[in-house]
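See the structures that follow.
Next come two complexes built around subunit A: one with subunit B, the other with subunit C.
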Partner chain A sequence: MWETLAQAVINGLLIGGIYALVSIGVTLIFGVVKIVNFAQGEFVMLGMYISFFLATQFGIDPLVSLVVSMPVLFVAGVLIQHFLIRRVLGPNDMPQIFLTFALSLLLLNLSLMLFSANYRTVHTSYSDEAWHIGGLYIPVAKLIAFAVAMALSGLLWVFLHTTDLGRAMRAASQNRDVAMLMGINPNRVFAVAFGTALALAGAAGSLLMPFYSAYPFVGQVFVLMAFVAVVMGTLGNVMGALVASLMMGIAESLGIQFVGADSGLIVVFALLLLTLAFRPSGLGARRSR
Partner chain B sequence: MLELSRVSASYGSVPAITDISISIGEGEAVGLLGANGAGKSTTLRAVSGLVKLFGGKVTFDGIDLATLPPYRIPELGIAHVPEGRQVFPEMTVQENLEIGAYTPKAKADRARTMELVYSIFPRLADRRKQLAGTMSGGEQQMVAVGRGLMLKPRLLMLDEPSLGLAPVMTDVTFEKIGEIHKMGTAILLVEQNVSRALSLVQRAYVLESGNVIMQGSSAELANNKQVQAAYLGI
Partner chain C sequence: MTGDRKPSAINNAAPTKASRTKLNRRKFLVGTGGMLAAGAFGAVPLRGWAADPINIGALYPSTGSMAQIGVGCVAAAKLAVDMVNEAGGIKSLGGAKLNLIVSDVQSDATVTRTETDRLILGNKLSAIHGCYASALTLIASEVCERARVPIITGSSSDQLNKGRSYTFTPFARASQFAKAQLQMAKLVSEQAKVAVIFENTAFGTSTSNGLKELAPGEGVEIVMFEPYSAGFTDASPLINKVKASGANTLFSLSYLNDLILIVRTVKQVGLNIAINGGSGGFVMPDFYKNVGKAAEGLQGVAHWNHDVNDDAQKVNAEFKKRTGEFAFEYAGGLVAQTFMLADALERAASADPKKVREALSTLDVSSGYAAMAPGGKVKFGPDGKNVYGRPVGVQWQNADLASIFPKEDARAPLMKT
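The block that comes next holds the complex of A and B.
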């Protein structure tokens, strides 16, 4: 019993690291640019395909192709922000919702057309490798993915708290007008935030590739969990999204283990509703001023 | 140094200020006085580019500010301490000050300016690691003014620094503003607390319904019957 529980927690924690990369991106965009990016999952999907093609065409390990998927998606994010999102930022948020939703549908259908609906996998030397510690089973590919995800989250935290550009991003997310009074160019900050968020999604894709199949709709699995984690961890709060993602991963895994193989999400949403009932602004909200 | 000539600006279709002309010289302390809704804050926002002009011109050292995006205006040396303090609540005191020196020129002197700010507001030095949003109103006002000073401004625009402060904190705040002015920074002070403001500034403009209705030296205004009746309760 205890072993089963511990195993379920480990499984959940490991996949929670991937959820964290996706949800941190969503919450970063929401916090800084003040829009909801419904297409975030599709950028995970693109990251996976980038790693898939680099692996099958050039034999590059998916973990190595992270150094391609991240910059490519960063640039894509900057361009999307500059040429699309920037034009619809304004008092009315309907155009923004439709824009990112349309972007999601466009990328889904483009990838269906270009890559077909087939499931693509990359087999690496460590794909089937696992450590047995006590009675516990720890798959190496997932452990690496988790470790890299945590390292990238840590790097983002350092960037946001110790660099001028990072601080400018936090300032713009807390008060855009006053940020301008400091001399911060909001368009520049938004572009970096959007690019960074997409780079994290790309990283999630590459990290998934050794143990997860790529297919056009794969992003939807992750974006749903990401949105739950973003709400639960308080909108715009990076640390909150990280913690909530790990919790959601564990909740889902416990649900699969103890409620039913198809019922992981029941536990996830029950936990979300319970959290919001007691902390309507999420776990990351400061209670007193 | 700063010149507003016949400036008009609005929020939506309601004009907030019409045909406002004011000027501030190097190192001067000037007040912008009047009741709530007279257009004082809008005047400052017009300088900072946070509200679009529909008439008139704002120049700083002869540069037409309408030609610059709002985030380029601080580079000229204009710091705007907004109404209600508006510190970055989820950042520490120190981070608030650091972000105040974001322009390249201010950044070069960041450490030195920060020491100066901490010497003016020793209380902030004790609290440098505290999140600004968890501080009292008076302390937040110190953060907001300190953040403005980090720009090493030639002109410091202060919007209602006494708003919501206990009388003793208001005393401290005005005393500090006086110190800052003595160091050579020009001050444009927006205040509802007219008697307080007149004791600090050299000249002032009185605004009513978006228009300048009176201007003069502090002494003239303090002795003016109309000002006394309307704002000083004499």
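The block that comes next holds the complex of A and C.
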């Protein structure tokens, strides 16, 4: 019984790390640029395809291809922010919603056209490996993905708290107008935030590739979880999104283990409703308010 | 549009002159057997009617989540039509060629309904085949029933045989799959303890219920019975449960993506368990490509396999030439179905869907491409079920699917894992 429980928690924690990378991206964009990026899942998908093609064409390990997928998506993010998002930033939310939604549809259908709906997997030496400790097992590919996801989240935290640009991003996220009065260039900050968020999505894609199949709709599986985590962890709060993602991974795993294999999402959404009932602004909200 | 409606003036105002002549002409054409051409075009000259192509509708999901399989189905449908046409078409109709009209149902229930309607209303169809996924076929067959166009399908849901007279299912039913799977579990161990996991869709639910009902009769103990939501991100919790159940055989009723995750996770856990992947995604060439060596020795059931007989081997070779893959069950079954339709058209000597239905209901073949199925014979009962239909047990051996069960259909011995 305890073994089963421990195993369920391990499983949940490991997949929660991937949810975290996606949701941190969403929450970062929401916090800084104040828009909801509905296309975040599609960028995870692009990250997966980048790793897939690098692996099959050039024999590059998906984890190594992180150094390609992250910069590529960072640049894509900066360009999208500069040429698309910037034009619709204004008092009205609707154009932004439609823009990112259209971006999602466009990427989805483009990839259907270019890559077809086939499932693509990459075999690595560690794809089917697992470490066995006592009665428990830890899949190597997922452990690596989790570790890298946590390391990237940590790096982001350090970046946000110790560099000028990071502080500027946090300032813009707390109060955009005051930040601008203090001489912060919002366009630059927004571009970096959007680029960083997409780079994280690309990282999630590359990390997923050793153990999950790439297909055009794959992003939608992860983006649903990301949105729940973003709401639960307080909109715009990076640490909140991280904690909420891990919690949701564990909740889903426990739900499947102890409630029923088709009840993972039920438990996740129950957790969300409970959180919102007691902490309406989410887990990451400051109490003093 | 149906062409055989008798003009009646009882509840109508007197017909106008134009419509009266039209009805008269239609009645005349019914008498001469050319009513199909007439229904659509009214004034088509009679001499052209005999060799008019016969429209066969094909409903498959060539986009969306099932696209990959749907595209393969369409390739098979085209191959089958080419084969019939190259052999001289439908001789009783003056060598009329089959004309395949493909419609994409986009892996979506709503789209399936509208596309089936659109296909029937927009074309003079003699018959339809489709849609791969049982959930979609159930909807299409409902529409066909109302429109009185026969539909022939490889989908396995037993619900397709309830209350329908225009639906024909020449291959094994889900309940039969279940029985075959249970018997295969006993090939592995006399003390069969089975864990059943299934996706919560029409396909998964109907197949798993069949398993549950039949297990006691086959002397198989089911130690775990669990639905899951298709398209999960992580199979570990589910496999964790399987491990805890103490089963020695795992039945996984899933489409491709989930199954890949499940098999990989079983290997990671180091769980020593015989896996029977059932049908669906498991018996697709892509499964092996995605899972690789870990797939060796895994078992499944299919309604068709490319080694059932020489005709099937021929179809397989041709399909391989065209697509690069071996003919998967649905593709091969679809070729057989097209030949069943051709046989019915031949005997009906008419492209009228109702007559085609009549001819299908009296179909009785035991040789040729129409009979290339496990069991080797096709004859439909009153519920549209092939009375000889049975599934074939298969196993992945050396990157190919080999038939291993039952004895009469086995083409290779069971590989122990």
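Brief remarks follow.
Here is the rule we go by: the second predicted complex is superposed on the first by the 288 of 289 C-alpha atoms of A that agree within 3 Å, B and C clash if a C-alpha of one lies under 4 Å from a C-alpha of the other, contacts with A are read in each partner's own complex, and residues count from 1 in each chain.
Note that in this section a residue touches a chain if its C-beta (ideal position, glycine included) is under 8 Å from a C-beta of that chain, and two chains touch if they have at least 3 such contacts.
Since the model is a prediction, treat every value here as computed from it, not as a measurement.
On the shared subunit subunit A, the superposed partners subunit B and subunit C are arranged side by side without overlap. After superposition on the shared chain, subunit A has more residues touched by C, the comparison being subunit B against subunit C. By the touch criterion defined above, A:E129 lies against subunit C but remains apart from subunit B after alignment on the C-alpha atoms of chain A. Judged by the touch definition given at the top, the superposed model places A:L181 against subunit B, while subunit C stays out of reach. Once the two complexes are laid over each other on the shared chain, residue contacts for A:F52 go to neither subunit B nor subunit C. Once the two complexes are overlaid on the shared chain, A:G12 sits against subunit C while remaining clear of subunit B. Of the two partner chains, subunit B is the only one that A:R170 touches; subunit C does not reach it. Residue contacts after overlaying the shared chain place A:A261 against subunit C, while subunit B stays out of touching range.
In the superposed model, A:F30 lies in contact with neither subunit B nor subunit C.
By the touch criterion stated above, A:F227 is placed in contact with neither subunit B nor subunit C. The vertex angle at subunit A, taken between the C-alpha centres of subunit B and subunit C once both structures are aligned on chain A, is 150 degrees to the nearest 10. Least inter-chain distance for subunit B and subunit C in the combined superposition, rounded to the nearest angstrom, is 35, based on C-alpha atoms. Once both structures are placed on chain A, no subunit A residue is touched by subunit B and, in the other complex, by subunit C.
Here subunit A touches subunit C in the complex through residues 4, 7-8, 11-12, 14-15, 18, 112, 116-121, 123, 127-130, 132, 137, 139, 211-213, 215, 217, 221-222, 225, 252-254, 256-257, 260-262, 264-265, going by the rule given at the top. Every residue of subunit A that touches subunit B in the complex is listed here, in rising order: 161, 164, 167-168, 170-171, 174-175, 177-186, 286, 288-289. Only residues 48-50, 69-75, 79-80, 82, 86, 88-91, 95, 98-100, 102-103, 106-107, 131, 133-134, 147, 151 of subunit B touch subunit A when the two sit together in their complex. Listing the residues of subunit C that touch subunit A in their complex gives 63-68, 71, 197, 200, 226-229, 231-234, 236-238, 240-241, 244, 256-257, 260-261, 264-265, 267-270, 286, 290-292, 294.
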